[in-house]
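Following this message is one structure expressed as structure tokens.
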Amino acid sequence: MVGSPPHAVDLAALIAATMLPFASFLAILVATRGRPRLSAGLSIGSVTIALVCSIALLALNFQLAAPIQFSTRLIASSGLNIPFGFLLDPLNLLMIVVVSTICFLVQVYSLGYMAGDPGFSRYYAFMSLFTWAMMSLSLSASLLQLYFFWELVGLSSYLLIGFWYEKFSATQAGKKAFVMTRAGDVAFFIGFLLLFIHTGDLSIVHLNSRAALAGISPSFLTLSALLIFGGIVGKSAQFPLLTWLPDAMEGPTPVSALLHSATMVAAGVYLFARLFPFFSMSPVAMSVFLAIGTISMLLASTMALVSRDIKRVWAYSTISQLGFMIMALGAGGYFAGVFHLTTHAGFKALLFLCSGVFIHRYETNDIYELSRLGARRMLVPMVSMVLGAAALSGLPPLSGYFSKEAIMGSLSVLPDPVWLAAGLVGVFLTAYYSFRLIFILLLPGESEAPAGAPAAPAHESDESGHKFQDRVMALPLIILSAVTVILGFFATPLKHFLGASLTARGLAGTEASSWPHMAALALAVAGVSLAWIEFGRKGAKQVGFVDRIPSLYRLFSERWYIDRFYGLLVNVVVDRGISRLCYQNDKKVIDGSIDGICEGTVESGRVVAFLQTGMVQYRLLAMFAVLVLLALYFYY
Amino acid sequence: MTLYGILFYLISAAVIAATAMAITRKNLVHAVVYLIISFFGTAMLFYLFGAPLLAALEVIIYAGAIMVLFLFVVMMLRAESSHESVFPPIQWLPAAFFCLIYVLVATAMSVRTPGMNVPLKMLTASPRQFAVYVFEYHWFSIEVVSILLLLALIGALNLGAGKDAGSDGEPTDYNTDPAGEPPAAAGSGQPGRRSNRHGVEDEK
Amino acid sequence: MIVPFSNVLVVAGILFALGVFCTVARRNLIMIVLGIEIMLNAASIVFVGAALHLDSLDGQTFVLFILAVAATEVSVGLAIIVYAFRRTGSFDPANFNLLR
Amino acid sequence: MQMEPASFPFLSAILLSCVVGMLTIMLIPEEKHRLIKQVSVVFSGICLLLTLYVFFAFNRKLGGLQFVEHVSWIPSLGISYFNAVDGFSLPNILLTGIVFFTGVLTMWELNTRVKEYFALYFLMVAGVFGLFMSMDLFFIFVWYDVSLFPMYLLIAVWGTTRKEYGAMKLTLYLLAGSALILPAIILLWAKSGLDTFSFVSLMHPGLFTPEVQKFAFLLLFLGFGILAAVWPLHTWSPDGHVAAPHGVSMVHAGVLMKIGAFGILRVAIMLCPLGWIYWAKFMAVLAVIGIVYGAFVGLMQTDLKYVIGYSSVSHMGVVCLGLSTVTVAGLNGAVFQMFAHGIMTALFFSSVGYIYDRTHTKMIPELGGLSRIMPVASGFFIMAALAGMGLPGLANFWGELVVFLAALKVYPLFGVIAVLGLVVTALFMLRVVQKAFYGPANPRFAGLQDVSLWLGTPRIILAAVLLIVGLCPSLLFNVIRTASVPFMNGLLR
């Protein structure tokens, strides 16, 4: 089911876009570790080319009718024929543009943010690795290939979260992220292997066609869909594997912006959209996805209500926004999910990068502390942040508004109103927590120390370098703000672009009534207002309504005890339970029995040695006796 | 019963008696001397059985060389009468018991096996016949045996030289015997072996 | 015409038993080696007798080899005894139990 | 089976390069350490080149047995010097060549009893090579023991932690293994009635009755399984790994354990296919237990080498699982995994060797923060750990993928459990990396040098192999397939 014949230009662009970052990764690791500037140049150069290539590809193929596939067979082992190559369709054209744009911006931003770090080269190497893996992931033609890069993306996430490896919490968070996503990936792995065993082909185009799955029983289809969804749960930090993402904020902020909000975690959602026709063939699985999306969205929103850490607030909001996307996709709103993915990548990266500016300057993550130190005086980041938060809350005319509208629209066509209600609650909570943060930052509370000390002590001294850094860091903010503002208006062309491929497969987008839009907007405004009342207005105590209910507060700040549960699982069940049991079994039972046998042999030898004093004559006597007895025996 | 038969029984009785005396002597020199008598008797048996060459060799090597070697060692080490309890009951009682059974079984077996009671013929293998036979059919074994003897020579030399080598290698941990002994010990081994070797080679 | 072969066997058997007895019961290294000589001797008698009995010279040839082996064994064995005596000052086999 | 005689006895040349190397080393005076090492590098280099040649000259279209050398040795017993390679042994021979060479380089800084070390090392490797290329059951057994005995000395003399215990345990276990193998081989020899040990003659289907096959397979599986560290028989391997000097650990974990798996494949499976099918489920159970169990025990370890040792148990479980599936894919994956695991563990031990030589400790809590002090050296270790987790792009991924694919097809439940073992593996690998290499640098090691280019060569080679094979798995799969496909076709017919 290969679409149009491949074009040489496309292929060249694809290869350039994917392989150059990999080349720069290797080059940095092998050759230029000692030269940070050169490393950064290599990395940014390669990502720039990737960006240009992807935009060119998008432009060239904007009128794409059927997906294009370039593939070769990587391993041609018997019983294992897996195509390896590129697939080009609207979804991944959009995705590579998003990925390369954010990668480019973040890498530029990092020039300022990471300046002077001893691991500067390493940072750019890992960034290139990530770019390569993420681009290739988006362009994968088969599930196996996708899994391949899926894991590599996880690896770069691990390496980047634990980038400051001397910090215990960072390495811990990296490990946690890797292991938790791994747990999901294992499900994914089993899922696609099962699928492979039953269909004999892992090509995405093939899986998405109805004909390929005709011979498979629905229950099996549901099973494999659920298993593959396990990978999505892990990667996109959905319930129940959601706790790694907030911890992943231990990494450098640009990393959080790139991997843990805009692109990598969105890979899960991307996979969902990628296999959307496949998933939608199993209604049971779809409703499970919808439920999981909803649960994660609500849980994460509540966690965001009480966090004091600026990055964690955004991390929770990332989870909840990803939940939104999965809800939308689960509800059948393909365009809504993908569009929200796109807009979210823009504004969430923006929010993180703004926070990064604050953190870089004031070296704290605590929002109250930032506010006290005078974060609001930094104009560009602050304005961008407000824009981003507004987009996040779904206020018009920013991009988030349009995508949220679309999501509400797709939720509203569901027969059961529960999902829509949950979505609306989510909208309200989102608006509330984002503006809670904004208002706290804008208005230092009266209880806080006087804001008269706009101290940024560490960086005031060397002005020129500082200026450069500031500019380099401000540029992406401005670009992203612009994107946030205007992206919403591209909803219709994008819908056509994406819808073209979907209608081609007979899955029409759904149209919705208009009242949910109104309700969502109203609730968003309500959320902002509540935040204003509690935090923004003059004389506000800056105490949220959740803070007043201690048990709820504790529940939320303990992340619904999910982390405790995993901690318990790992410490008690795995470490002190199974592991210790196995270890003791190894030492005591297996080794013990072997040593016992050995010692028994030695001991019995000793006993026998005691019987015969080692005197040669006794042995001779024994020999003789035996001979005689043998003679007797043979004689009779 | 022929004269030869009577001779056989007489000689056998003498051999057994001498051996019995030999193994019960406390004084080792006596034991060795009794054994020499026993070997002389054996040589006569050989002659009786038509093996004159072997009889001669028996006298030369066994009674001559080997027993003299024993005597050398016994005398050199002044071990004529050791302090041993000659027959500790824990050893000799079972030994005697089993020996008795053995002899009984052996007797019963050899008497009752058919074809064993035919009197032996009188035949003699002259040394020439014997030598021709040996070197025609068993020349390789002779070579092997000569290598064995050579190895024994080397081994005994090495063991005998142990004390001289001890001064450079391991510390002298054994007792302070007179220094004159080791060469004597080495010397005691050599002539015996040499004569053995010569004894064999002479026959060629 | 001399005696039947069984009588030769009996005589050799008695000699062999005496040798075994000597080897096993006497607590003196030299006597042990002496006992072995007796046993070899008994075997030689059987071989010579068998040569006559079977009318084959192989038996006699074997005695030749036994002589050589006996000579070897005695020379090495006595050398070992001398060596052992020098180390421990004793002929008692009960003293040589390092292998225990 | 197709046989392609050798134009030049390359396989014997490989063996000879080991033996001649050993003899040459023995002729060099003890004090000339440098010369001994240079000679070792030269001879192992020749050996590596020869194996590379054989690997690439192997005709992938033709398959079957190639580079055949056949000289009758004891015709009355049917023993012949019969060497050949096929798709199963070729990756292992290449693996041995690589690990051999890098193992010599890893021990470049050895200073005690250099001559004896390298002579024994060469002897051991000669045994390994012989085993992989021999097509005569008798010789397989002989080579097996030739490779084992030097191991005892190498561990007992040059080892580190509890070396006498480790060496003795290892030797006893492995001898127990050979005590199981020998009767089985003799049984097969006797029951065949062909009066030959030649593998090719014994491989005729229907030669052995099912009962004989079942019995002989069990004996062979347990015997070779000890060497392959199949689950309840595995405890020698971590102790042995830990006790052995690094270069020996590399060969030990990298190659010797493969001998076990290879023996199961070559002798047990190929000669007793009915026994194989009969016991397959049993094998699978042991393999799955091994995979999960090894990972869990690995979690508890505090010694770097013990961690690797238990990871080997887990990974060899994967090999065994592949063998137990009775499918082409399973065999392919198992052989691939043998290769990948060999390279990976060699990289592990080589890195640990370097680190241990510098820090004089391999206790994880004492290391801490090595990444700051020697980023390159720890980078190699981390790479090996990533490979051990089955990360795509490195060789192990493909082996595990194919094995799990086969396992899920044949034993869905076991397959799932085994795949879940991957999570635990990831957990313990990452834990080790975190505790030993991340965190604040230990001031005790502040002055230590990072690895130089020359001393890093073995690790560079191993890492490159991991990467190349990881990115281009068909390099190996194409070879393995030439043996597995005809074999399974013959079996099914």
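Going in written order, the chains are labelled A, B, C and D, and every chain counts its residues from 1.
One rule holds in what follows: a residue touches a chain if its C-beta (ideal position, glycine included) is under 8 Å from a C-beta of that chain, and two chains touch if they have at least 3 such contacts.
Quick caveat, the model's predicted, so the values are computed rather than measured.
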Partner chains shared by chain B and chain C (touch criterion as defined above): A
Chain A-chain C separation of Cα centroids, rounded to whole Å: 89
Centroid spacing, where centroids are CA-atom means, of chain C and chain D in whole angstrom: 55
Chain B and chain D: spacing of chain centres that average the CA atoms, whole Å: 58
Interchain centroid distance [CA atoms averaged], chain A/chain B, Å: 93
Two or more partner chains touched - positions in chain C: 20, 24-25, 27
Residues of chain A touching at least two other chains: 617, 621, 624
Chain contact topology (line, ring, star, complete or other): other
Set of all touching chain pairs, with the criterion as stated earlier: A-B, A-C, A-D, B-C
Contact set on chain D toward chain A in their complex: 169, 172-173, 232, 234-235, 293, 296-297, 299-300, 327-329, 332, 369, 371-372, 386, 389, 391-393, 397-398, 401-402, 404-405, 408-409, 412, 415-416, 419-420, 422-424, 426-427, 430-431, 434, 437-441, 473-474, 477-478, 480-481, 484-485
Contacting residues of chain A [partner chain C, same complex]: 609, 613-617, 620-621, 624
Chain A residues within the chain B interface of the complex: 617-618, 621, 624-625, 627-628, 631-632, 635
In the complex with chain D, residue positions of chain A that touch it: 74-80, 144, 147-149, 151-152, 155, 158, 162, 165-166, 168, 171-172, 174-175, 178-179, 182-183, 186, 189-190, 193-194, 196-197, 570, 574-575, 578-583, 586, 590-591, 594, 598
Partner chain C, residues of chain B touching it in the complex: 2, 4-5, 8-9, 12, 15-16, 19-20, 22-23, 28, 31-32, 35, 38-39, 42, 45-46, 48-51, 53-54, 57-58, 61-62, 65-66, 69-70, 73-74, 76-77, 79, 82, 84-88, 91-92, 95-96, 98-100, 102-103, 106-107, 110-111, 113, 116-123, 125, 129-130, 133-134, 137-138, 141, 145, 148-149, 151-153, 155-156, 159-160, 162-163, 173-175, 177, 181-182, 185, 188-189, 192-193, 196, 199-200
